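Here it is: the structure, laid out below.
A, B, C and D label the chains in the order they appear, each numbered from 1.
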Amino acid sequence: MSSTTAAPPARRKKINRIGLEFQDYRGLKTTLCAGCGHNSISERIIEAFFEMGVDPSQVIKLSGIGCSSKSPAYFLQLSHAFNAVHGRMPSVTTGAMLANRSLKALGVTGDGDTVSIGMGQFAHLMRRNLPMIYLIEDNGCYGLTKGQFSATADVGSTLKNGTVNELAPVDTCALAIQLGASFVARSFSGDKKQLLSIVKAAIAHNGTSMIDVISPCVTFNDHRGSTKSYSYVREHRSNLQTVDFVPFFDEIHLDGETEPGSVREVTLHDGSTLLLKRIDTDHDPSDRRRALQLLLDEASGEGRVLTGVFYLDNEKKNFLEMLGLVDQPLVHLGQEQVRPPESVLAEIMEELS
Amino acid sequence: MSSTTAAPPARRKKINRIGLEFQDYRGLKTTLCAGCGHNSISERIIEAFFEMGVDPSQVIKLSGIGCSSKSPAYFLQLSHAFNAVHGRMPSVTTGAMLANRSLKALGVTGDGDTVSIGMGQFAHLMRRNLPMIYLIEDNGCYGLTKGQFSATADVGSTLKNGTVNELAPVDTCALAIQLGASFVARSFSGDKKQLLSIVKAAIAHNGTSMIDVISPCVTFNDHRGSTKSYSYVREHRSNLQTVDFVPFFDEIHLDGETEPGSVREVTLHDGSTLLLKRIDTDHDPSDRRRALQLLLDEASGEGRVLTGVFYLDNEKKNFLEMLGLVDQPLVHLGQEQVRPPESVLAEIMEELS
Amino acid sequence: MSSVETALVGEAAPEADEPVVNDFSIQVATVNGSGSQTANLVLLRSLFQMGIPVSGKNLFPSNIAGLPTWYTIRTNKKGYIGRKKEIDFLVAMNPETAREDTLDLPPRAAVVYDLPLKLDAVRTDLHFYQIPFDELVKPVCPDAKLRRLVRNIIYDGVLAWLLGIELEEIRKALFKQFPTKPKAAELNWAAVRVGYEFAKESLVKADPYRVERMNATQGKIIIEGNTSAALGALFAGVTVVTWYPITPSSSLAETLTDYCHRYRMDPETGKATFAIVQAEDEIASIGMAVGAGWAGARAMTATAGPGISLMSEFIGLGYFAEIPVVIFDVQRMGPSTGLPTRTSQGDLLNCATLSHGDTKHPLLIPSSPEECFQMGMQAFDLAEQLQTPVFVMLDLDLGMNYWMSDPFEYPEGPLKRGKVLTAEDLDRLRAFHRYQDIDGDGICHRTLPGTEHRLAAYFTRGTGHNQNAQYSERPSDWVRNIDRLARKFETARAMMPRPVVDVNEKAAVGLIGCGTSHYAIQESRQQLFEEHKLNTSYARVKAYPFNSEIADFIDRHDRVYVVDQNRDAQLRELIRREIPARLGPKVLSMRYYGGLPIDARTVTDDVVHQEGL
Amino acid sequence: MSSVETALVGEAAPEADEPVVNDFSIQVATVNGSGSQTANLVLLRSLFQMGIPVSGKNLFPSNIAGLPTWYTIRTNKKGYIGRKKEIDFLVAMNPETAREDTLDLPPRAAVVYDLPLKLDAVRTDLHFYQIPFDELVKPVCPDAKLRRLVRNIIYDGVLAWLLGIELEEIRKALFKQFPTKPKAAELNWAAVRVGYEFAKESLVKADPYRVERMNATQGKIIIEGNTSAALGALFAGVTVVTWYPITPSSSLAETLTDYCHRYRMDPETGKATFAIVQAEDEIASIGMAVGAGWAGARAMTATAGPGISLMSEFIGLGYFAEIPVVIFDVQRMGPSTGLPTRTSQGDLLNCATLSHGDTKHPLLIPSSPEECFQMGMQAFDLAEQLQTPVFVMLDLDLGMNYWMSDPFEYPEGPLKRGKVLTAEDLDRLRAFHRYQDIDGDGICHRTLPGTEHRLAAYFTRGTGHNQNAQYSERPSDWVRNIDRLARKFETARAMMPRPVVDVNEKAAVGLIGCGTSHYAIQESRQQLFEEHKLNTSYARVKAYPFNSEIADFIDRHDRVYVVDQNRDAQLRELIRREIPARLGPKVLSMRYYGGLPIDARTVTDDVVHQEGL
């Protein structure tokens, strides 16, 4: 495999806190188009898991079908992966986590995979707040089937052949917040720093981390007239905050020129800290009402692409906690724990006699 | 059939503006449980269509699977009906309306049929704003399969066997508004007047009218501990407005004691008027932002059940308008209109030679 | 219709017939939601407690309350407990159907009816017993609201006197029904006694039907197939159950849930050693089960036909990505929504090759509660050993009706978890090829997510892959892989439970059936012999794929009738696919698909007709 | 592997061989997304314009850009246009596969390659032509960014000289490719000429392959199956098209969309006389189509295997509620996601009995663009006449590759809309029973929503119903209804297109096939005769259910090989189900399922082997 992965020699030696090389977090060489936003996202995922020192053997990568859903092959080669069927990654991930709650689940999907065919499972996953990272590589189209509109395409956006989309886009972040996800953010594949911080925060979070990442499709949706092109997003993006992340195993240093009160320090489930530096107005990410407000305004506004951390609830029970499962992963239970003794069968038979 | 329908003798003679009897709008005798909320809704539907003088031969009744979805058999016996498969009524209705845009579509569904298995189609139907009435008979459970929780069950609500629901309910109204429905209201099967007015308004509206009607299941979800029981809803319900409806063919009379400014008169697509009389605070139903706000607050509030007309957009293009279909229903087009002439085939063959 | 004519022909009142002991059928006609369920179960149980072979079948509508329901109880000293076509004893409580039910009776049958129904006016060739239920219930039950529910059990008392059922057994059965509600039990008990006393005082026994104590149910239990299958899963150590409600499978998942809460909470922490999730639909429930099976859990779902159709895509993934998962399909009458509360064997063909492309899936087909239990366990072993979805094909009759059964035997030996490599194994092997057929049986080794080893990870996918689970479009990789899957299916063949074969040396005719057809076939064989001197052999299929014994069975007979409870002869179809073509002409078909449990007479008449006897 | 050895064995440079005219295969190996598609189509067209029978097959990866792609063009003077296994002439442009592609060639093949690849070092038994593409493209195309796209067409010029393709025809084909972009056309044309000039100056023709003008394509067209099927739908007067993108069916819906926009806008209003909706998934697309069919539209959807699985529940509803709808299944290699860009006939069995319960569906199986067109139209007639879902089973090879074809004939006569009652009819009849079989053909009359008549309305449902479409759980109603559905299927049998049968009186062996297997079988028959003196008859199935001709065909031969492009002999399975069992033993199987279009040699070798020749 190593032959097919190309790591910059510089990094080769770098070792993370659990003693693994950067190399260990890579995957196969991408077969996606050169310049595809999805490739940048893969890079951020590799960096985030490496720098956080997550043990890849305890990570599962899951996806549906699409160019985006192929990308798990291109990162975290030491983790088990499940490339499932179109739009159904949420249920497969749910099952895997029920079976083994100690795993760290990373689901990668596309806007078609999630918002079109996957809408039902997406909604119910958000509602359950299953502990996982749910990352949408959002290019407003179906890349793998050659660029048809998806349900996140904006009104007025055009296909290469000129067809204009008239249906309003579905806002995955607004939906996720309304339905119960406990960490909701939007980013851009072209913003390395913001995306890296957000992915790290998602790793640190306990509950569903729904991240919608605008990720341009250079082959089918990067033309003028598209509102998901690199140039369009670069021109119309506005950041809700500057997002910084400090892992639990590091010290927090605020750089000098941040004036007091301008930064919100949010402590995450694993002790890491999310630093949200105000840009225009201050946003309290625990304010669900306000978060929805922001997204609604954006939707009605003139094609502004708002990115940042919209919502975070540290306290919310996740689905596995609700189910009251034993701490030990169910798959590790021995026969004596899962098969009741003979006396139980006898008791039941007695009742039925 | 008449033998199985029992109309109160009093009404027999009553004739509506298109010369039909009340009787003509009835259906078979219900086979639902005595006292089931769904039966009251059927009665309101019968009254609304009769009083509005809708031609039943131009109405289609569609449903999924469930006790609620059975109810189309119990009203509008002169209308074509399609009892489809579980959770898929939206797509069947869409297809039927594409085929014949002149029909008036009434979809009746349940909370399980819509919010559980039907979530995906529900979301995309709302997004398309297909001209139809989408009525959810919402009892917070699966009646026909003996009372399991549905996704509209409230946190803390219990089953008869004591099981407590921990998952937050899905607010169908909030979702509908966010996804694009142009008329969104919630009512209660026990409130004849409000429900009747709202159903009539839905008939008058051009676009998706999403009506969530709390409709208690007397057999499985009417016990204490349930938040969808008659008593619970009666105690916790609060009305956003008093809702009155004046059809386009009648005069508007405001009763004396309404002080000026307290009533909003909303003109509907067919010229009918919706009279929304303020109760506590004034609500402008065209204010999408505010409508969502209200529903969000309600959700976070202490089990208040807010009913009334939340949102109405008269201007929004419906799906059929977006598609730019000929005015004539597609099913009425003659062969000469749908099969291109021989010259066209010749032209195409030439291109391919 | 014919019965109507019988009615019109005035007949003389019946003679006092020969007594008929422990060999008749009772039909109780009520409306659902009227609490008749209790009265009927008490009746069933008390006969059972008297040692008489008995079966009860609930014929209920697909609605919740207010529609006609029939409950038929059959006693048979010879132990035939399949449905009996003819009704000997009718209890008519439902005004809507009383007349028609009465008209359908054979001459000389007995009718217990509610006074206002005046059924004695309908026919003259029956034994009528008129009971003033409303009048009788008043004194017992002052609270008018409760009467509706208590009223029915009065007929238990009446039948006790008419049929000679021991009151004490009724009492026992009754209190077993209300373990936690003594007051309700007492109330009902009073009602039973009122019925008994009334009968004793005012009725004259004229019909021939009686029961007598036997010893044929010693130590047996009474149980539904769904409960039995749930117990199978419980003792198989199931850990993840994901489901979506649908008749007639819901009670399987719900009973399993109850048992898990009783017996699968960790003693120290009081936490659950299982996860049961009611999913948003069947696509989600099978998706979760597949995810759980992939991660190493013993995972299952339970559903019925419509759910099977929705699971089709995921089952194809499970087959191709080789993921263990168990699907209980409690078959109801299709196509489409069909008749949700009627039984059928209509999903056999669909499940055997569910999903697009070339797919084949093992089916286990239980005929009894015991087999529901055994196969319910075995399915998990097979799924994990074969790394593939395994179906357990119940039907509504087996799943939702009460059956006599021997008590279940506690399983021996360890759970069979299949070829799973641990970190230690990987250390030893120093290499891991997910899809390499090392053992030549088509079954490869897998690792579970979370295995702490650099070699453990692999990429699971529904797309073409090579032996290392890497994406591949090479024709040679593709062909090698699906040829191996075909080989694996042959391995499965040898692991499936063998058919139960009873060869009659004198027989030229053989019968083949599966599932609940068993009871009708068993009884029909006797009818064929007694009434037509036709010797028959019998092979009961317990699983698909079949092994050679079925071919051998067909080979040694001139004609073989395959009994199917579906229109398109689905079992025969599957058999035809797998036997040598030269045997094809011998394989004939007997089908019933009216939605009621198949009965012996129907089988007999059809075979007799085809045999030209 | 063996080819590798060939390579190692040093051989003498090849002699000048006998010229081979109009009978060889070219393979162009590039990476996808590199604009090679244009170069290949121009090549194909120019040969076609020279009157030479030709076919082109695109072997592309399931990804968008950067992976290996092979395009094979076959010329054959006898008109055999199935895939040819051996490559005679390789154009090697892709560094990733060049070496392997070269090693796989038979001795004496020719190789045109890009200079840096140095392929002449790989083998000595081939004819090599080295081309400095980068150097050649520079002068033609100053703009470096564009070079990647222009570069490829240079090989058209090279081949023109090497094979004797007339430059003028290349020019014609080229400008046909860029009808609207003359500048692009000129640029490419310059590149072609550069390649031609270079070849002329610096190459020495050594290989035997040449083309010569013929007259075999006079008046023919070149078209893909998906386009043909789309035209079928267009001229069938389709009004509602609901679909969800999936390879290889997307282009069917997309081409239909383009044609509708060109030819189905109302001249006065400029509005659409059709509705085409890209649904949110396949369950929605079939649901919409079913709703539209119910309301009276000519409704269709197009999909592939995974979509078929998802549509399973709705198809069962369509069958049972008797709703006309047409499903185009462009088959790709399954199970599961499988190989999305490889061809197969793997959905036959699944589609024939799709959904739970007893279901049967008519299938139309085209073999050529003409049949895609005809059957694409006929499917709508059948669906409305039979009031049931009808499948048109294409495959990727037929659907997405370019084929020669005679021009399509304009359909005669009116659209067949089936038994629909109007308000006037109802006035006349004074009664309407939706599910009464008045004509005895199993097909009942329906009314459309919106019919202005008190008798018109009825209740459509997937649950049990009587002749008046009222809910019913009566066994007799149920049985009557699904027996009628079975009867309707027999009616369908007689309406299906008959097989194309070619009986060779001397033949003891017969071949049966369907769809794209046709081309391999045709050619194989000649090989079998020429190489083994084996006479064969041939029956090409065009639809399911089959009619008696198939049984007759089997009956008159000793052995019949059913050719399947799937693992589980699905076509043979369907045939076995429907013929008299006694014929079963004669029905043997020949299967290929590597995902490439089946070729004659593979069929021949297999039959020869089974025949022991």
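Here is the rule we go by: contacts are C-beta pairs under 8 Å (C-beta built on N, C-alpha and C of every residue); 3 or more make two chains touch, one makes a residue touch a chain.
Everything quoted here is computed from the prediction, not taken from an experiment.
Chemist: If you tally contacting C-beta pairs, which pair wins, B-D or B-C?
Modeler: B-D
Chemist: Which chain's centre, taken as the mean of its Cα atoms, is farthest from the centre of chain B?
Modeler: Farthest chain from chain B, going by C-alpha centroids: D.
Chemist: Any idea how many Å lie between the Cα centroids of chain C and chain D?
Modeler: 45
Chemist: So how far apart, in whole Å, are chain A and chain D when each is placed at the average of its C-alpha atoms?
Modeler: Centre separation, chain A to chain D: 40 Å.
Chemist: Give the residues of chain C touching no fewer than two other chains, as numbers and ranges.
Modeler: Residues 62, 280-281, 306, 313, 317, 321, 336-337, 461-463 of chain C touch two or more partner chains.
Chemist: Hey, what residues on chain B touch two or more of the other chains?
Modeler: If we look for residues of chain B contacting two or more partner chains, we find 85, 116-117, 119-120, 124, 151.
Chemist: For the complex, which residues does chain A have touching chain B?
Modeler: So the residues of chain A touching chain B come out as 116-120, 123-124, 127-128, 151, 166-168, 170-171, 174-175, 178-180, 288-289, 292-293, 296-297, 300, 317, 322.
Chemist: Write out the stretch or stretches of chain D touching chain B in their complex.
Modeler: Within the complex, chain D contacts chain B at residues 219-223, 231, 234-240, 242, 259, 263-264, 266, 269, 271-275, 277, 279-281, 283-299, 313-314, 317, 321, 407-408, 410-411, 414-415, 447-454, 456-463, 470-471.
Chemist: Please name which positions on chain A make contact with chain D in the complex.
Modeler: Listed in rising order, the residues of chain A that touch chain D are 31-34, 65, 67, 70, 85-87, 116-117, 119, 142-146, 148-149, 151, 219.
Chemist: For chain D, which residues count as touching chain C in their complex?
Modeler: 61-62, 305-306, 308-310, 312-313, 316-317, 319-321, 333-342, 344, 346-347, 349-350, 353, 355-360, 461-464, 473, 475-476, 478-479, 482-483, 486, 566-568, 570, 573, 576-577, 580-582, 584-585, 587, 593-596
Chemist: Looking at the complex, which residues from chain A come into contact with chain C?
Modeler: 28, 55-58, 60, 62, 72-73, 77-85, 88, 90-100, 102-103, 120-121, 124, 323-327, 329-331, 333, 335, 337-340, 342, 344-346, 348-349, 352-353
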